[in-house]
């Protein structure tokens, strides 16, 4: 019998802790989960009696819904804790929050927080497995997994695929997690954005190519991923105007021609149509942006199942 | 009361020599090879090393105002535990030490209750806000040894120039925490590989270097004495080196953590690796070590900065900057630098004693008949376990928490009085 | 783990499966609505064998689906190894069909319970029947097989190991002891 990777009770802080085989295993499991999501009755009894807590200290309706739906489809009980309605704003610390939740018998935490490293803190306080749903600009492993899963479903063999990611690299946890995961699976990644939005040493740190010119970056790409451009960056003096940004870095019919003709178009959402990506590109036949969202539920189901699916 | 310390390896004139030391009341009476065993108290220091009491130019005692983190009693006890007998208290307390009353409060309290001599550094600007010059001359008459806005940095070059001129007028050295606020931004750790990797905002080396460069120029122009606190980058050191070669009165200190740790330590998200200036690159660390060896950097200072657990044990970017250092300084440096042969024990001794004393004109920190009996006896063959229970500081925020490091302070004497005695040490 | 005895060899297995195929036809008076569903993993080759005999006897191709029950097990928190999910591949509608669930060994009945649950999530079959090669007793749930290759009384310490040429290289049923 082939050795199956062990996931029981493990944390998903980031993809650096998982081998290429393990990542592929998660993708396989996600495929089985996706099949369930396509059924008429989208629910299975697997995690009956388990309690999953979504702990969102930074607002993100989409990711939270995805996690909650994933847990519910596996029949887990779900409690959700969002900072905007919580006592965290009244000064209760994360530590106290976890102790309180711990008393309610949580089996798994899914956390989104603006501070890098907070999933590790949650684990330290709770001693329960934690899935990182995005910590500051550090990591967003479930997004990377669903991105890679979406590519894998379409293309099959991941090795040697040329991926170009365009936009606000500096502030993107999605990029960091994708770089780690894609690199492990032998993909060839180029990141592109203006110098003010590109942190130093990315090429050495992640083994990717860094490009500042969009057309050059897109050349012969199999996969093109746009990133959300946040308006706040403008006031931080990182670029002068959205128009100017758009002129140089938007995915348009003209710029996308530099990629392969059948290149897949991706975006982690939410999109600023007309800024980093034009509607005709986002809605084109090659776009798999909507699929990404659906796949997010499957990937999160797979992770929850693998982490809780056995002895703890 | 007399104390005789026998057969120790005594740090004398730059080297360790086997000597007996006789202490009478608060002074060293005699240092010689064989002294008659007639004393009220005899300590056999065979195989142990005896250093002049360590001097720390950079301590945050948090008193007045933040005594839940540290106070003069706990801070000086921690100092004694680490072998320190003299320290300089930084003025960023609450209220800020920008007036003679607060200077007076600290001095009186330290004298009455302290386990170390406390020298006060006054604020450079009122409330350390970087807007108006403080009453330096008045504070000087109250006993301050230098001025500093440590924890913050005067951003306005014109004001800094005035501070330099005014302080120099009254013979006060200036201690500079070099940080350009705009370049530093909301930086959490060194702006480099690890910050790119973790997505934490970086504190670039430039934020320090721009100010070091500016202040060296301003000081040099006015023949002022400028001391760069916690220097941390290779380029800052290079600028100090060149200024000294030109004859400028520039001195600097380096912390134990900048000599031992690098940005890589932050990968653990341990908030005890978060301080200002941040842990830098390996090249910077090696430059610090080299400059300490060759004397470009004058001395070692701990930048002891206590923070309570509830402040420090939390999300990385919400935790305050700073770590404690008085108790771990010697062992960490001995363990990581001296024992592996990267730094001589003699240079370490010098950089912790008379070298810092000279920087701010403090009384000499050496072992000599007639001088106050400030000294510490250390066993290099034993380890110290830095567990929370063993740490005397009110706060436990150190990257060496729960570690065992070589070098154990057995006794610390302050004016002939024992301020620290290891529970396992034996007095006969 | 030691071999205690061999209960069936290739010929015996063939005869039993052949007989079970006859029984399926007899019981259902034809194969109109019959669908075979093998439970992963040893139920799958057995289902294919049954399908082959059904074709030989009746000349009809009976589709075989694969059911993965990993996600329906009630012992997730007690099994010591990582469960492997490979997914179900039914390939036909089960609405109104007569499903013959196929597995190699019937023991506590928990696998069959999970399989029924899993199957019902795909739709509403008219009827579910159960075919097993070995029934070794020790039921923990009220479940009974409709077609049995061989009843083998066992003790709980024994392990029944069914091997198929397709998956294991040879046809055998062994009893092993710890």
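Quick notes
Each chain gets a letter, A, B and C, in the order it is written, and its residues are counted from 1.
Heads up, the rule we're going with is that a residue touches a chain if its C-beta (ideal position, glycine included) is under 8 Å from a C-beta of that chain, and two chains touch if they have at least 3 such contacts.
The structure displayed is predicted, hence computed values, not measured ones.
Interchain contacts link the chains end to end along an open line, per the touch definition above.
Taking the CA centroid of chain C as reference, the farthest chain centroid is that of B.
For the pair chain B and chain C, the distance between C-alpha centroids works out to 76 Å. Measuring from the averaged C-alpha position of chain A to that of chain C gives a distance of 40 Å. Here the spacing of chain A and chain B, counted between their Cα centres, is 45 Å.
Shared interface positions of chain A, defined as residues touching 2 or more other chains, are absent.
Those residues of chain C in touch with two or more other chains do not exist in this structure.
Contact with two or more other chains is made by no residue of chain B. On the chain A side of its complex with chain B, the touching residues are 93-95, 113-118, 120-121, 136-139, 173, 176, 199-202, 204-205. Residues of chain B touching chain A in their complex: 191-193, 195-200, 202, 269, 310, 313-318. Here chain C touches chain A in the complex through residues 68, 71-72, 76-88, 117-118, 121-123, going by the rule given at the top.
Across the complex, chain A meets chain C through its residues 4-8, 28-29, 31-32, 35-36, 39-41, 43-46, 74, 305-306, 308-312.
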